[in-house]
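Naming follows writing order (A, B, C and D), and every chain is counted from residue 1.
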Amino acid sequence: MVKVVLLGQGMAASHFAVGLERIKLGELEPYGIPLANHELPIDIRDIEIVAGYDVDRDKIGKSMYDIAKKLLDDQIDIPASLKDIKVYEGIHLGSLKGLPIDPRGLEDELTLSQAIDTLIEEWRSMDADVFINVVTTEYTKEYDNFSKLVDAIESNLRDGLSASQVYAYAVYKYSKEVKPAAFINLNPTPLANDPAFVSAYESVNAIILGDDGATGATPLTADLLEHLANRNRYVEFIVQFNIGGNLDFLSLTQPSKNLMKEKTKSSIVEDILGYDAPHYIKPTGYLEPLGDKKFVSIHIGYKTFNGLNDSIYINARINDSPALAGYMVDLARLGKLLLDKGFKGTVYEVNAFYMKKPGPKEAKSVARIIAYRNLLNWLKSL
Amino acid sequence: MVKVVLLGQGMAASHFAVGLERIKLGELEPYGIPLANHELPIDIRDIEIVAGYDVDRDKIGKSMYDIAKKLLDDQIDIPASLKDIKVYEGIHLGSLKGLPIDPRGLEDELTLSQAIDTLIEEWRSMDADVFINVVTTEYTKEYDNFSKLVDAIESNLRDGLSASQVYAYAVYKYSKEVKPAAFINLNPTPLANDPAFVSAYESVNAIILGDDGATGATPLTADLLEHLANRNRYVEFIVQFNIGGNLDFLSLTQPSKNLMKEKTKSSIVEDILGYDAPHYIKPTGYLEPLGDKKFVSIHIGYKTFNGLNDSIYINARINDSPALAGYMVDLARLGKLLLDKGFKGTVYEVNAFYMKKPGPKEAKSVARIIAYRNLLNWLKSL
Amino acid sequence: MVKVVLLGQGMAASHFAVGLERIKLGELEPYGIPLANHELPIDIRDIEIVAGYDVDRDKIGKSMYDIAKKLLDDQIDIPASLKDIKVYEGIHLGSLKGLPIDPRGLEDELTLSQAIDTLIEEWRSMDADVFINVVTTEYTKEYDNFSKLVDAIESNLRDGLSASQVYAYAVYKYSKEVKPAAFINLNPTPLANDPAFVSAYESVNAIILGDDGATGATPLTADLLEHLANRNRYVEFIVQFNIGGNLDFLSLTQPSKNLMKEKTKSSIVEDILGYDAPHYIKPTGYLEPLGDKKFVSIHIGYKTFNGLNDSIYINARINDSPALAGYMVDLARLGKLLLDKGFKGTVYEVNAFYMKKPGPKEAKSVARIIAYRNLLNWLKSL
Amino acid sequence: MVKVVLLGQGMAASHFAVGLERIKLGELEPYGIPLANHELPIDIRDIEIVAGYDVDRDKIGKSMYDIAKKLLDDQIDIPASLKDIKVYEGIHLGSLKGLPIDPRGLEDELTLSQAIDTLIEEWRSMDADVFINVVTTEYTKEYDNFSKLVDAIESNLRDGLSASQVYAYAVYKYSKEVKPAAFINLNPTPLANDPAFVSAYESVNAIILGDDGATGATPLTADLLEHLANRNRYVEFIVQFNIGGNLDFLSLTQPSKNLMKEKTKSSIVEDILGYDAPHYIKPTGYLEPLGDKKFVSIHIGYKTFNGLNDSIYINARINDSPALAGYMVDLARLGKLLLDKGFKGTVYEVNAFYMKKPGPKEAKSVARIIAYRNLLNWLKSL
């Protein structure tokens, strides 16, 4: 059994809750879950969602059923059993500025310390094991020094702090005070890539995985580049456009957030090819009618044998949130499994497959097909 | 040093000869050669082409320079040093029927046995090590029984024999009578997939690799399917169109030859996915102005998490023959390396990466990215 | 008011019946109907479907509701009012040979003459005005001579006769004996392109429009070619692949039927460009999971100013039958309008927009955007 | 005979000069010139380029041969006859700020008035007829009032003035003082859309055509939208990405210039469809290795009959500058023809086909196929 808290009750968390429930009800095949056909000590049916957290006034206090009904009802029948899972008030720290959402957070009325202690008490009562961070992309300054971060939080100095960092700190404190837990960061905020966080988690036998879930165009591009690299084809350029109509794409129209995403997305090029092929890889825009099914356009030009030029064009329409939700089913289980097996800090073998910018900081991206093979081998060796 | 004979002096053989020469002259980067950046005991510069064979009256007796000049001159400067490599008369056995070529073969004037002995004598004088079969795609019946094949050849019963089979037999006989050699089959004719041929080659310490060079859309589709399989996405259909304007595409407009290609191309689907997703994968047509740069169009639909549908569209323009020529640079070296290391019969580790339908017969296709990783590990272990 | 008989109660006829009904019920916007926003003397709501005809044993005697329920239920709510429209037994003449359908036709038990008279009596009682031919694509020999056709039918010589021809003949006879009617041929069988049929229809003041509804990739290619021709860009090649999973695509896997379609599809190239640019334009294959939403892939290469090469790649997923059904809403109205206005034979201004191979025989294809503009002007002049 | 001055000696002007010369030499077919096959009173061979103007220190004083050699030599043989055409110093007004070019302009040493008078004297000695403005995209404030513009120029108040505006003013003054001339504005700066400029040109019997040459993705999208509108398909969204590696794309990475382009590109949607379908249409980025051959990716979703959804994906690689250069061959001739025929101000029939934002201000975009047809009819009526 693994008890999961969802941080950010948007499309991804709702798909996760609904899909998980439908699988439990036998209504749905476990497609989109990478390890669905591989035996893990923790079964998909062993996942129990104990709470969601959000900062949208329209969501706080509602059930996951209510929220999913609003977000997904045109496509999917929402299972009634989700009526029992409640969405709590979280922390925003201004992360929704510029978005058409009226935010409310615990820190509006409390100091950061008090807000964090409130969360920890709630989580203690839920007996939570794994926390999955799927809040909206935020701009975040890296913290090279954990004690500086602790100071800032304890002194209620909010400037330069992001919701993801404060949630990650709260889970660290929960791990220290209540029991070791796992924090899964599916957001580009550097956490599993921040040595300060990794060593803090290590010190309390907790797990931190991340950063930024590798769904969509980036892992596909990674595997395409590996395919070309295998043949020593010389990549002359890579264009990768992404446009969607969900809240995340809207938030990425803000230049500082876009930059966060561009960093995690672009790191694959040199890691895989061994040279920094000229590339334009970034979230490109927001267009509401595309909804959660983003449009991806990739164009790659390369030199083949005898100096001739080949070209590839890829277009795709990809459901953004379900792809991430499928990963969450594995990551919830892997988070708990790592705790059970006594791991601590971050675990590259897991990050390498599931994350755009796999931690720890010095780690490289490899082709996803290789990362998956390595993951299976590593799981077998446990 | 490895002495190479090219069987079929078309676009692929010409690109191989020209590109190899340009690399030796320092004019060309070794792009498109999978193992260019990995140390092999035999260097690219150690490859020496000793002869080409063809059955086009306009090519026999000419130099590789003359032929390359005609085929590739609009794109590439042809090195003068190719004037010293001659193209000899080969065997056709009707394989060019229906194509706009006036064929002439040794067997027009001689019995098959005599023709084969003529070849063997020529090869003996050249001291040939590796034979690369790049004749035009033919329709070929499988031979379950090697002695029946030998009987047919010795009795000059030509019906049901293809040029590829007779060349492979000739190299077997050369291996027996002169010295063990390697036969690289880049044609869909089942040879490395024919147990009769594999055990005959084993019996004379010779090497046979094949079948059908995995360039272009098929290995790309293989890696895409693996990418989807890694995420347990359920593939609902695969469309893969191919159209080109070179002689090979022209020959594939003949239904029986098309069928040969369809078999080697389709085998990847079930091998990689574990289920036979509905697919339309075959060479689709011939259109002269496309030339050697084929147009590939792929469309894949799959189910993601929560039962939703994603779709991918890929278009590409790919230089067909250079892709194969780049592989030939490795395969010439690997053929000789395997002989030197005492291997015999066929070698799956090599075939798995370079071939559409890797022999031996019972072998499976795996994703190419995995096959490449396995190949590197296997090379290290030699 | 216009009373419509549908010949061939497949996907297109079912979409037409369902969509028309939903528009009447106010449930559906009239999207996909070219003249929806232009006033015609006959309103969309004036169309009344009086019968369908089919030769599938599973359809004969059923209601349009039953059939639509089976064909379209996964996508669309079927209006109950379709329960009142019956599907009658038609004529097949072997047109379904090779398809997974067990056919039954009036001509199985009757001579052709008797079968035709049976149809005419049914139509008389329905007071039918317009007949829309959407039977499955058949292979058909052209009849240069109408009296030979009449002789064949009257003598019950069925060889070389297709269902479309016999239906067209029956409507001719109905026009002569009962009242002038309109026959809309959305099938590649040459009828509006057959001078024998056109003059026979003229002689009885009837209307015959056709041939082959121009939905999907062909009119799109026509407009693209016009776009390039407008700029004097020199088209070097055109590739146009089509693959679908409906019955029509299945029937097009039969080479003789495919040829029928290839002819109507290819005629646009020289008509629009003024030269016969090398092209591969034909229905390419059948893949069941694509369903009625065909996949189209187009690739065009051309020379621009200063001798440089540009290239365009188009992929599309297009609902095949609804596109045709939208045209049927106009054509039913235009057929009646032409009768009311005293036209006879065929009318190029209508065919030029709606048909792949617009009749009469000597007529040329023009860009569809031009044909639409001409159609509007012509309608204004009526 | 028409004497042409090129304002901005970049890729487009160089392609124009080289292509025109090659056509005169009989080396090149007139592909890419819309009216090449239609008789105009002024033949292509009647065009004489008398001068180029630029503000790049590396170009001023050089010949068109030198510049073309540098820009186009990898693709095209540059005719030696271009050595006789000189590039003069122009006006920049800061339009190159942020680009990797060291600019020099007449106004660096002179007042604006003096600079303009210098130009007029040069043009008088060249006896120039037509001026084609192909300077790099600039950000420009509209001038509602011509006398305010005149005041600003005469008072040497440079703030808010762009090079395009000053050139257009200089040609106005040249028309007044020397002889009526034509100004062709292929830049997004609103000039033919600025009533102040149009009436000023009218007052001196001069011609001003514009704005922003309609090559590439925008006219293609226009014709696609017309194609859909003809069928009353309801467009739900339009995505149109553009990325290139030439100087113009580099300048468009500056937000204010991008905005200029977005305006001219987006105006087609509502003009053609009749409703403002949600769209993302703008130059998207710069990637050097793409060079002048831009990558365009378009995705359109629409509703067809019966409420179902179709989708189209278009990818293209298009030589940017040659497309414009081909138009310039027509526009040079049309500019002179209009002067000869006594037209003045701007001419919608010409602008409607060649321009992204056809002037005058209140004019609408129509589908390009319609605009071309109208242009031919209008030319016939002259």
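Keep this in mind: contacts are C-beta pairs under 8 Å (C-beta built on N, C-alpha and C of every residue); 3 or more make two chains touch, one makes a residue touch a chain.
Keep in mind that what you see is a predicted model, and the values were worked out from it rather than measured.
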item: Touching both subunit A and subunit B (chains); value: none
item: Chain of greatest Cα-centre distance to subunit D; value: B
item: Centre-to-centre distance between subunit C and subunit A (centres being mean Cα positions), rounded to whole Å; value: 51
item: Inter-centroid spacing, subunit D versus subunit A (mean Cα positions, whole Å); value: 46
item: Inter-centroid spacing, subunit D versus subunit C (mean Cα positions, whole Å); value: 44
item: Of all residues in subunit D, the ones touching two or more other chains; value: 311, 313, 315, 317
item: Subunit C-facing residues of subunit D, complex; value: 15, 18-19, 22, 28-37, 75-76, 219-220, 223-224, 226-227, 230-234, 293, 302-319, 322-323, 325-326, 329, 353, 367-370, 372-373
item: In the complex with subunit C, residue positions of subunit B that touch it; value: 236-237, 239, 241, 243, 278-280, 284-290, 295, 297, 299, 301, 311, 313, 315, 317
